[in-house]
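Heads up, there are several structures right after this.
In what follows, chain A forms one complex with chain B and a second complex with chain C.
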Partner chain A sequence: MNAIILSAIWGVVMMFAGVFIKNKSVPKYLAVTGLVCVLVFNILQEFNGLSLFNFPIQDMLRTDNFNLLFITLILGCTLVYFLLNATEIEKVGEHVGEYYALIFFILSGIAIVSTFNTLLMLFIGIEIISIPLYILTASDKRNLKSNEAALKYFLMGAFSTGIMLMGIAFLYGGTPNATFYIHLLQLGTGTLPVLVAVGLLLLLVSMSFKVSAAPFHFWTPDVYDGAPTVFTSFMSTMVKAAGFFAFLRLFTNAFGALQAQWQTLVLIITVATLVIGNITAVFQQSVKRMLSYSSIAQAGFMMLAIFAINTKAREGILLYSVAYSLATIGMFGVLTKMKDYTIDGFNGLAKTQPLMAFAATVCLLSLTGVPLTAGFQSKFFMLMAAVENGQHFWLVIVAVLLAAVSAYYYFKIIQAIYFKESETDSIVFEGTVTSPFKWMLLVIVALILMVGIYPEIIIGLLYA
Partner chain B sequence: MGTYITFPDLLIWLPLLAGILCFFTKEEKHSRNTALFFSLLILAVSIATLVFNDEKKHFNYNNVNYYWLKYLGANYFIGLDGMGKMLVLLTAISFPLIFVATAKAPVKKANAYFGLLMFTQAGLMGVFMALDALTFYFFWELALIPVYFLSSKWGGEKRIAATFKFFVYTFTGSLLMLIGIIYVYLHTGSRLIDDGINIPHTFSLGAFYNAYLSTQEQTWLFLLFFVAFAIKMPIFPFHTWQPDAYDQSPTPVTMILSGVMVKMGLFAVVRWLIPVFPEASVHFKTIIIWLSIAGVVYASFLAIMQDNLKKLVAYSSIAHIGLMCAALFTMNQISVQGVMVQMFNHGINIIGMWMVIEIIERQTGIKKISQLSGIANTAPVLTIFLLIIALANIALPLTNAFVGEFMMFSGLYNSNLWFAVVGGLGIILSAVYTLNMIQKVFYGSVNASTAEVKDLGLNEKIALGIIVVVIFIFGVYPQPLIDLTASSANALLKSIK
Partner chain C sequence: MDIKAYIALSLTLFTIGIVGVLVRRNAIIIFMCIELMLNAVNLLLVGFSKMHALSPAAKASPYFASDAQIFVFFIMVVAAAEVSVGLAIIVMMYRNVHTVDVNFLNRLKN
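This part shows the complex of A and B:
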């Protein structure tokens, strides 16, 4: 509750700040202050049970150790994101305060989808996330690509929202209790009535759409490519992780007992996502586009959690959210400083910007899943979850073979950075690589290594 | 749980520390000296471990066990046994030798170069000491990453592609092994830890040895692990990354790859494959022996056809490793013991071979056999050293490799006559290509490119001299190596009974 209400309030504050404060560099301080507040009160709720707002919410939201920890992690990653990208956000356009306001609204939506206990709250949360995202995608107003991406995103998003709503309606009508509460659905474990089965299927499709799992991923590359790079960084990390968390929550709490009936479908989606994401990423020349395909590929790995829904999957999704978010934020952070977004644009980065090169390399190694990095631990937990589940063992073999494929495209960038020479002298926007930016990159590297060496730093909090 | 500093701790942390220090040095001289100093220190530590080898009395010196991922049952558990000590010693000898032999060869960006080399050493040490599957996996991969950067940055012309091929092969293999590790882990027994919590499964080596696995499960798990190890060794048909990687890597890295790193594969078979899946190992042994022996012959023929000096040695290495793998899977006392001895000796000999090649390549810039001629006239001392090392490499009596190969062959012979016959062909062929190479490169008339070759400098004399001394010592008196590894060999054989 703390996180939902506080970030919504702070969103409004930021909006008004945008009206009254004309200086472009002020909003970032306000935003960071607000985010720290939200983070602190969320942590207080998690460990001390401090709840600032006690509304009669009729059990529509339920908080526990697990989802509060997830919100904490997401807020923490967002803080890292703010600190790393503050100057880049200012460059997108005139309305800096509003961009932050929209991000705070999204955070509020993320907190809702992480704690929902009725299908309506899930729906409202997803919408609160989606609508500001459409605006952020279009925030580079004079750029045709940005507009096109936003329109595409909006149309596809609206479509999938419709599907989700229809799925909820089917579930509502098909169950004896006629309820939106997921713990009262009482679907049993036997064969499902047609209405419920259709409802489940529609929810599966719409959630797959939101997390860009194949074959519902077609919007992702264009939208991620078209949106301003800083916002791509946000929507491909925290937002996607939250989507997965909601997905996992829905399928564990509402449909967990029916796993045998939907597992094959999830299996197909998982394999399709892994194959399409990894194979297509191999052929990309633009790093930004490659990262959007890589986000589909990583989504395939996160789908393993939905496939398995067990304790390891719960722990794994926490690790994966952090590992994937940090590495991707770092990589996009580096990308925003590059003049040329193609892979060749990275040639010789190690010579001119050794620290940026090092940070990018650690991020890429983490995305590949090399030991000592957070990426390894998260993949490791996902694989453990899938093996422990015991069904369809070949899925993990497919997953690791495609992880090996992913090494191909991630290492292409590492090769460009370290082993190739640049033809031009300046490959980055020189003035923008400030020392705070470098320090933040180092912080990201340190976090990645810390989680990679000792993941119980995160998982231990679940059982604290 | 030791409260004081132990040998395994030192062997991991010293190279790591050295690596970090090297990264912060400014001048080439300083990084070189730091690396050399620490590698000598590590060598001293690894020699000291040989003194403390009473398994009961010195247990606390040789083992370290801390909780790592406590609730997952993964510990930072490393320790030294006989075979581990031998391979640690090999690793510890190789690095200072390499540093001394290449002391005069200039390196660009020396701080990163020596730093990465020391990190590699830390990874290798970890692999040879890990007694916990997850720790093992960590070090297994960590040994690879610095080598990837070393070879891609300082290697030859086609280095990026060749090294990446090497990386992808081994990375794929390791990931398959990771699945195997997870599966076995989920079938291990539970363990009660300090604070009274019951951990359902653990990653410890002992738990892996006692995992509940049906014969059928063992069969495919065996394959998952074996692919990873077979790629690393490499044995036929998983070897295709190797000649290119050896050819393109900077020679000091090639020395580590072929001298020490390939032993990771053999070592892992001894520690993590056969005892964990004894039934499957027996089931697959004939196929694996035939594959290995086919590889010996195949690689030997390729070596005969080679005009590239480095690839010739690379193929000869495949042949030698293939023979060791075959002997290992015969699983009888004498050949397993022979493999242990040979792991050490092959490492020493092949590093010597590479040193000579490195000297020739550095001075002439040529690695084509057909373009080299008459080096014996300009560099007689070099030629003498090479001759001794090459004869050791083809296992002439009185040299160190003779003992190991003799034992391996008697094991193969006891197991099946044909193994010994076909494998013996490999030995004959190895004499053909080695002597042929010596004749072409070192004898004959001096040509334009070899006229300028200078004879050995002092540092090179020291490095090669040490190798030759080791060759003769263990050629005449191999007993210490046999004694050191006897308990490991017996433990392995006991596990399959």
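This part shows the complex of A and C:
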């Protein structure tokens, strides 16, 4: 509750700051202060049980150690994102305070979807995430690509919301209890009534839309490519992780008993996501577009958690959210400083900017899943979850093989950074690579290695 | 009236909406079709709410069948919020390219 209400309040504060403070560099300090407040109060709620707001919410939101820890991790990643990208956010347009306000509203939505206990809250949370994201995608108003991305994202998002609502309506009709509470749905375990089966199917489709799992991923590359790079960085990391968390929560708490009935469908979606994401990423020339396909490929790995829904999957989704978010934030952070977004644009980066080159390499290695990085541990947990599930062992083999494919396109960038010569003198915007930026990159590298070597610092908190 | 009639009507509306989204090329008409989908859901929720209110099993349960009707209001509010953002995006698009045809979007690719 703390995180939901405080971040919503701080969103309003940032909005007014945007009106009254004309200096463009002030909002970032306000935003970081606010985010630290939200983070601290969320941690206090998690470990000390301090709840600032005790509204009669009729059990519509349920907090426990697991989802509070998830919110903490997401807020932490967002803090890293703010500190790394503050100057880039200022460059997007005139209304800096409003961009931060929208991000705070999204954080509020993320806190709702991670704690929801009724389908109503799931719907509202997803919409609170989506609507500000449409605006952020469109924030580069004069740029046609940004316009195109926003319109596409908006139409697809609203369409999938319609499908989700239809699913919810059918579930409501099918349950004997006349309730939206997910733990009271009482869907039985035998053959499903038609209404429930259709509802489940529609919810599966719409959640796959939201987390961009194949075959409902087609909007992702265009939207991620067209949106301003800083905001792509936000929506392909924290927002996607939250989508998966909601997906997992829905399928564990509401449909967990029916796993035998939907597992084959999730299996098909998982394999399709892994194959399509990894294979299409190989052919991309633009690094930004390649990263958006890679986010589909990583979504395939996160789908393994939904396939398995066991303890390892719960631990894995926490690790994966952190590992994937940090590495992608770091990589997009480097990308925003590049003049040329193609892979050739990275040629010879190691000569001019050795630290940026090193950070990019660690992030790419983590995304590939090389040992000692966070990416390896998170992939390991996901595969363990699928193995412990006991069904369809070949899925694990497919996932590992496609992780090997992913090494090809990630290593192509590393090769360009270290082993190729640049034809032009300046490949980065020189003035923008400031020392705070470099320090934040080092922090990200340190976090990736720390989680990679000692994942218990996150998993241990779950059982603290 | 039988609940099947409500289901049939709202599914028909929903299907018209989906077909419209997939077939039409004008952004505003696509948008109207999405609204049609949402309103089909509203109709269905109200229908189910009535169905549950009349069934003896739900009468015994401590949950209110009117929950679905509250849900309908939430859908309306969210749809209104979505409209304000969506129309702003379409207007912005129109200012830049002087058309609301979504075929134009694919021409912009690369």
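Note that the second predicted complex is superposed on the first by the 464 of 464 C-alpha atoms of A that agree within 3 Å, B and C clash if a C-alpha of one lies under 4 Å from a C-alpha of the other, contacts with A are read in each partner's own complex, and residues count from 1 in each chain.
Just so we're on the same page, contacts are C-beta pairs under 8 Å (C-beta built on N, C-alpha and C of every residue); 3 or more make two chains touch, one makes a residue touch a chain.
Everything numeric in this text was worked out from a predicted model, so none of it was measured.
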item	value
Partner chain in contact with A:173 - chain B first, chain C second, else both or neither	second
First (chain B), second (chain C), both or neither touched by A:39	neither
When both partners are placed on the shared chain, which of chain B and chain C touches more of chain A	C
Doubly contacted chain A residues - partners chain C and chain B	none
Chain A partner contacts - residues on chain B that touch it in the complex	68-71, 137-138, 141-142, 145, 149, 152-153, 159-160, 164, 167-168, 171-172, 175-176, 178-179, 182-183, 185-186
Partner chain B, residues of chain A touching it in the complex	365, 370-372, 380, 383-384, 387-388, 396-397, 400-401, 403-404, 407-408, 411, 415, 418-420, 454-456, 459-460, 463
Residues on chain C engaged by chain A in the complex (per definition of touch)	3, 7, 14, 17, 21, 27, 30-31, 34, 37-38, 40-41, 44-45, 48-49, 51-53, 55, 57-58, 61, 63-65, 67-68, 70-71, 74-75, 78, 81-82, 85-86, 88-90, 92-93, 96-97, 102, 105, 108-109
Parts of chain A lying in touch with chain C, wherever the complex brings them together	120, 123-124, 127, 131, 134-135, 138, 141-142, 144-145, 147-148, 150-152, 154-155, 158-159, 161-163, 165-166, 168-170, 172-173, 176-181, 184, 222
